[in-house]
Each structure stands twice: as structure tokens, then as C-alpha cells.
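Next come two complexes built around subunit A: one with subunit B, the other with subunit C.
Coming up: the complex of A and B.
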């Protein structure tokens, strides 16, 4: 029973991490119509920025996490404003640009930091115990920060004019522009928001898992899987799917082992998509 | 809320070698309702798209209240008071009726010009359904919501792209009510692209006929629709009875 409960807590913690990544990924797709192949790169970069701030600049870890958020957000903002904006309506070009950015960033990190994973332990250690249940404190800290970030994102999107504008652009860009929305002003902000979330996740999670120049690859795959399962462009779907993926991954890893766990996850997603091709909360695209 | 005159001078649009329309000239004074008709492919929707800034003109100029607004993007024109609706039911479908109109009012940033939310909901019979998600509304109400959103920005000129398209015959009286409301309260000029000739006759004291990219006729419906060249171009030689 304790194994079952622990797996649930780890699954929820994983789900919160995946939710942050998937929400950013689906924000970019929903608002800009861009599949961001560099999303994993921003996660990896967030980890390296936090690592550098702690070990080279001597900053405390919380400040390092903030620095990672701002650095990845700023890079995302500039990337959208200077490069992506020019080809925003050309799906193939945006795909190539984001993929190119990922390759450039990961190669630069490889050249600067080398291929070996740096020593970057999470600053909080120990465990929370309740009877037979044992949960590492680092998981709880990450879970708490992720939940706060998700709540903050929802508050931004649903309670502010900026959020209303972003959601309006995601709903229908032409109608939003006819109502006075300025995509060129909001697209870089949306991109920065999403990449900042990826950077935050990277800064929080890489000290627990691992940090290397290639750590963005599986993150991109998981983000893809999650947003497709949730329904492309659906914020609620992405969040729900992230927790489904996290919990399924935790249980299958605990009971069947890592590789079987991934197999179970992919089969589950396949079955769900057969019966709900638009994903858990996705909607059919309205035709002309 | 008084409108500004819309003036179109020598407007032309080409897509590569394809000429959509050429040398379009007309004036739409405040308070006037202008119907634009023409066969499919005549360039009616493209004309609205160019005037509203959705696409750029190839040549020519558009003025609003004497100000040259040619080629400005649609968000900038919206803030100057160019309101438009779309052929399809283009609403923010994940948002409620209330939120849709509220967004239109907020986004337009036309302080002092935008219309009150509660007034709009009441006048367009949307109050009872204001908390429903817009894509759950019947099609006719979605069209009305789209019109209400275009009007919510407090337009100086209103461009309506086939407002009656897809509506049942009985529902089309809603469009009459909408235009009557705009005429009474808004005072802005209204340009209506529409295929429903009965509706055009009822609402528009003046119509403009587009054919093959040119203005074929411009004048009162009774006069214009009786012209043999209009009948031949738009309605077909054998369809005089439908005029």
C-alpha cells in the first residue's frame, strides 16, 4: 500500500513538471500556431543557467531559478521577435527555425560545459514521512513550485487583459485582430512566457534528475506526447494529460520497470487517441 | 456616436497575375447603408478584407473621415473605428457570450466610443444566454454575436460580410433589427456584402454592383437592379423574375 501511495505522490509531482512544460508547448502552438522544437532546449538551458548561477556566480538556488526563468524568457522573446516573427505564417520555416535554435543552443552548451553531467545537487535533502509513506523533500518542493507556477499562469491567462488577449489570439487570430489585438506585440510575450516556464522546469528538475546538453530530447518527446494526448492547443487538456502521463509513468515504472513503463504509456495514449482523436479535451478544428 | 465618411479611391487588388478587382471608387457617408452585390468571385469579400486591413491593396487609397488609412493592419483600423464581421461565425468560441463582447469592448481601446456591454446584450437579445459558451449557441445567435462584437468597438464604419449567410429565412429578420439598431443608435455608415436580394432591397437605399472586378453600377436598388447589364452579369439573363 505504501508503494502505491508513494507512486501516486511521485506521479503527481512528475505530472506537475510535465504540466509546466506542456502548458508552455501548447501555448506556443495554440497562440502562434508554431510547433516549438526548441522547447526541450529551453528546459536544458534553464538547468545550465541555474547551475552556472549557483556554482560560478555563487547565487543562492532560489535566485538562480529566477535567473533561469528570466534568461530563457528573454531568449525566447528575442528569438520570436527577431527571427520567428518574420516567417510566422510559414509552418515549415518555423519548424526549421525552432529545430535550428535547439541544435545551436545544445551545441553551444556542449562546447562550453562539455558532455559530462555537472554535479548539481538539489539544495534541499531529506524526506517527508507519514507512517509507511516516504517522499523525498525535493519532490515536494518541486511539486509546490510547479503548482504555484501553474496557478499563476492560469491567473494570468484568465484574469488579466494580457491573458484574455492571448486566449483571443489562440481562439481566432483574424477575429482578435479585427477587435484591435496586436499579434506582433503579444506573440513575443507568449513565446517568452512559454520558454520561461520551460526554463523554470529545467532549473527545478535537472538537479533531481540529470543535467546534460542532450537532456532536452526526451523533454521534447514528452511535451509532444502530453499535448497530443490533451488535445492540441487546449490548456486544460495539456494540464490534465500531464498528470495522466506523470501518474501512469510513476506506476508503470514502480510496478513494471522503466522501459515497460514507457511502452504502457505509449499504448495508453494510442488507445485514447483511437477513441478520442482530438485528445482528452481537444476540439475539432472548425472548417471554413 | 456619429460615424466618419469612408472614401475608397481607385482601389485595386491582384494576387500575382490574378486581378480580383480594379479601380473601385465609392463614398459611404455616416448613417448610410450601402449594399455590395455581385456574382461569386466578383471580389466582394476581398474588398472588405482590403478596407479592413486584413490584406494589403495593390493600389488605390482608403480614407476614413479624411484620414488616409490605406494598408494599415486590421488591429490599427479597429482602433480607428473600422468594425467588421465575417462570413463564418467567427467568435471566440471557448469564451462565453458575455466574455466575447467584453473582449471586443476592451481590445478596441476606443475609450468613450465603445458600446456598453449590458446594453449590447439586451439590444441583441443575448442577455438570457450571456453565460453560455459561444460555440454552443444556435448558428443564428452565433451570427448575431459576431455582429454584436463588430458593433461593440463603437465603429465609425461597419463592414458586414454576408451577415445572412447560413441563416434560415425566418432568422434573417434579426439582421434587419441589427441594422435598424445601428442606424438608430450608431449613426455610422454600414457596408453590407450579401447575396440575399430581398434583404439588400429592404435595408439598402443604395447598392453597388461588382462584376469581374469592376463597379458595374452604383445607385438605388430599383434603378440598378432594373439595368439589363446588371441582370445579365449578376442574375443571369433568364432570371429577371427573381430581381
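Coming up: the complex of A and C.
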């Protein structure tokens, strides 16, 4: 029973991290129709920016996390505005551009920081105990920040004019434009928002897991799994699927070993893609 | 579903004209034939190694290119390479070392597996197809790790016996390179044959799949043919790779390597079969130029991908062809 509860806590904690990543990923697809292959790169970059701010600039960790969010958001904004916007309606070209950006970013990080993982521990240590249940404090902090960020994102998308504009563009770009929405203004903002979320996750999670130039690859795979399961472009679906993926991963890791869980998830996603491409809560978007 | 209206897509077979001669396919095959001569000019092990890498890369890129002819971007190439490569690695220790038999096996096994898979995944298009092929590659990686009795698991299969050609063992580096040339030539001929024969069908699917279907073209049939042949060609690349390394290891077939093959094809140019050949040759050569700083290669691929997508959509061969047409037009 103790193991069962512990696995649930790990699963929820993982789910919150995956939700942050998946929301950014699905936001970009839902609004811009772009599959962002550089999403893992922004996660990795967020980790390295936070690390540099703490160890090279001497900033406190919370400020370093903010710096990571702004740096990845700014890079995302510029990338969308300067490059992606030119080919925004060609899905193959946008996919290739994001792939190209990922290769450039990971190579730049590799050149600057080297292939060895830097020492970047989470500033909070210890654990919270309630009877047989044991939760590392770092996981609690990450969970709290993730929940706040997800709530903030929902508030932004559903309670502000900016959010309404972004959702209108996601629903029907032509009608939204006829109503006065300006994609050239809103698309870079949406991209920056999503990459900022990836940067935030990287800054929060890499001190707990690991930081290296290749950490973006598994993150991309997890983001794919989550958004396909939830339905490409569906924010609610992505959040739900993130917790499903986190919990399934935690339980299968505890009871069967890591690879079995991953295989089960991938096969589940394959079946969903083939028979219900719109995922758990998704709907057909942009004829993707 | 009605049979395709063949008359709607006439094949250009009425009489011979040089204008209709498949120059690009001929030139691509000529490259592989010319590669046989490399051992006659040099004994440099470095050149042999680069040539081998390029030949494996070209064959894998040809697999990507076949799918791109139908506007389908695939990340499943490493998965089918693994199936071809592991088929050889499993059968060779059992005594099946004949070059012809192994070439046939490495093509047929992935192609047969692609048949039911294709029937499933080819229902998808665009982004969903990209994602499903990525997932397929990830699943195959996990299966390789989880079946140690068959695939050696994380250790892979090593100590694979050398391929034999008419009873002679192809052990030396020269012989391995010539084998890679032969596999490349076979892959090029298959690719050229299929894409020429179904040229207009693939073009119709690439241009507008729904319109082509409404005109009576049985889309799924041609997509399955393309997918199966692309899987077989990728299997040949897997055989070539395993024959070069004499080892089959999961890391040789990681889903990330699909990015390299896509980069070769896009940068070389997707409009002609020469694109993957030129793109692979150039990028493998450039990667080796960096020598010990090979880590820069991925960044270089990134910059080239951005440049091609934004400035030269046809890739290297497409841009050269456009330039050639402009010069000819000006004259």
C-alpha cells in the first residue's frame, strides 16, 4: 500500500511536469498548426539559462527560473516572427524549421557547456512525511509551481482578450481575421508563451533529473505521447493526458520496470493515432 | 471503390525521345557504379569509411525520398533499417551468409512487415503521419531492448560472420565497400523503377490527394506500394550498415538518426532522385571535414535546413535546376 501511494505521488508530480510541457506543445499546434520539434530544445535551454544565472551570475534560483522563462520566451518570439512566419501555412516547412532550430540550439549548448552534465542541484532538499508517505520537498515545490503556471495559463486563455484572440485563431483563422484578430501579432506571442512554458519546465525539472545537451530528446518524445493521447490542439486533453502518462509511467516503473511502461504508452498512442487520431478530448484541427 | 481510370494518368510510353529519358535516375545509378571504382584509386581507410557512411546514408535517404514523393514525411526509416539489419544479423550466424540471399532478406522482411503496418498508418496524413512514424521508431527501439533472446537487447548482436559472394568471404574493407556499392545500386534501381513507374500516381497524391481520389485514383494502393518499397529500401540500408559494422546494435537505429536522413533529402532536394544522393554525399563529406569536432555536424545540418527551407525550397539540386532553366531561358 505504501508503495502504491508513493507511486501515485510520483505519478502526479510527473504529470504536472508533463502537463506544462504538453500545454506549450499543444498550444503551438492548436493556434499555429505547427508541430514544434524544437520544444525539447527550449526545455533544455531553460535548464542551461537557469544554471548559468545561478552559477555564473550569482542570481538566486527563483530569479534564475524567471530569467529562463524570459530567455526562452524571447527566443521563441523572435524565431516565430523572423523565420516561422514566412512559411506558416506550409506544415512540412514549419516542421523542418523547428527541427533545424533544435539542431542549432543543442549544438550551441554543446559547444558552450560541453557534453558533461553540470552540477546543478535543486536549492531545496529534504522531505515531507505523513505516516508511511514520503514526498521529496523539491517535488512538492515543482508541483506547486506547475499547478500555478497551468492555472495562470488557463486564466490567460479563458479570461483575457489575448486568450480569446488566440483561441479564436485556433478555432477558425479566417473568421478570426475577419473579426479583426491579427495573426502576425498574436502568433509570435503564442509561440513565446509556449516556449516560455518549456523553459520554465526545464529550469524547474533539470536540477532534479539531469541537465545535458541531449535532455531535449526524451522530452520531445514525452510531449508527443501526451498531446497525441490528449488530442492535438486540445488544452484540456493535454492536461488530462499528462497526468495519465505520469501515473502510468510511475506505476509501470515501480511494478514492471521502466521499459514496459514506455512500451505500453507508445502502443496505446499508436492505437489511438490509428483509430482515433483526435485523441481523448481532441477534434480534427487544420486537417492535420 | 471504382478501379482507377488509367487513361486519366497516361504513362509517357509512346515512342522514345531524349526529353523523356530518365536522366536523373540514370545519373543516380551512375554514381553507385562509379563508387565501385573507389578501391582502385585509393587504399585510404578514411576514404573507405566516409564512402561507406555515405552509401548507407544515401540508401536510407532514398527511403525517405520515396515517401516524400507522396508528400509524406516519415521518421520510420531507422525502424525498417533495424528490421533489415537485425534480420541479417540473426540469420548470418545460422549459416545464411550469401550476399544475394541476405540482400533479398533485408529487403523482403521489412517490406512484408510494412504491408500490414502501412494498411494501418497510411489512413493518416500530414502531421499525424509524421507523429505515427516517430512513434513506430520509438516502439521498435523499445522492442529491441526488451527482446534480448532474439536481438541481444542492449548488447546487440556482435561477431556477425562476413558476407560471402559466390563462396568468397567479403572480409576486407575494400570488399565491404564494394558490397555497400552493390546494395546502393540495387536500392537505387528499385527506387528509380518504382518512382518512375508510378511517377504520375505519386505526383497526383503529392499535388492534391483528395482531388486525385475523386478522379478515380485508388490512393491507398499507391501509398501502400510506396510505403512497402520505402521500408524495403530502408532494410537494405540496415543491411549495409550492419555489414559495415559487423554488429547490430539498437543505438545504430535510434529514432534520432531519422533526422539525418531527412536532412540529407531536404537539403539535397526532394524534386529528383539526385537530391538524396547529392545531399548525403555533401553532408557526410562536410561532417567528416569537422574531424574531431564532429559534434558541430548537427548544428551545420540545422543551419542548412533553415537555409534550404527559407531560401532554396528545392534544395541543392532543385536550385541548380532552376538556375539552369533560367540560363537556358535567357539564351
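As a convention for this text, the second predicted complex is superposed on the first by the 272 of 288 C-alpha atoms of A that agree within 3 Å, B and C clash if a C-alpha of one lies under 4 Å from a C-alpha of the other, contacts with A are read in each partner's own complex, and residues count from 1 in each chain.
As a working rule, a contact is a pair of C-beta atoms (placed from the backbone, for glycine too) under 8 Å apart; a residue touches a chain by one contact, two chains touch by 3 or more.
Being a predicted model, the structure only gives us computed values, none of them experimental.
In the superposed pair of complexes, A:70 makes contact with neither subunit B nor subunit C. Comparing subunit B with subunit C, the partner in contact with more residues of subunit A is C.
In the superposition on chain A, A:86 makes contact with subunit C only, while subunit B stays out of contact range. When the two complexes are overlaid on their common chain A, residue A:277 makes contact with subunit C while staying clear of subunit B. In the superposed model, A:134 lies in contact with neither subunit B nor subunit C. Legend: residue contacts after superposition of the two complexes on their common chain; A:178 is shown touching subunit B, with no touch to subunit C. Once chain A of one complex is fitted onto chain A of the other, the partner contacts of A:161 are limited to subunit B, with no touch recorded for subunit C. Look at A:96: by the touch rule set out above, it reaches subunit C but stays clear of subunit B. Common to the subunit B and subunit C interfaces on subunit A are residues 288. Only residues 29, 35, 83, 86-87, 91-93, 95-97, 99-104, 106-108, 110-111, 115, 217, 221, 224-225, 228, 232, 259-260, 262-263, 266-267, 269-270, 273-274, 277, 287-288 of subunit A touch subunit C when the two sit together in their complex.
Across the complex, subunit B meets subunit A through its residues 52, 54, 73-75, 78-79, 83-84, 86, 88, 90-95, 99, 103-104, 106-110, 149-150, 153. Within the complex, the subunit A residues that touch subunit B are 161, 164-165, 167-168, 171-172, 174-183, 283, 286, 288.
Residue ranges on subunit C touching subunit A, taken from their complex, read 71, 73, 120-121, 123-128, 130-132, 134-136, 138-139, 142-143, 145-146, 255-256, 259, 262, 266, 295-296, 298-306, 309-310, 313.
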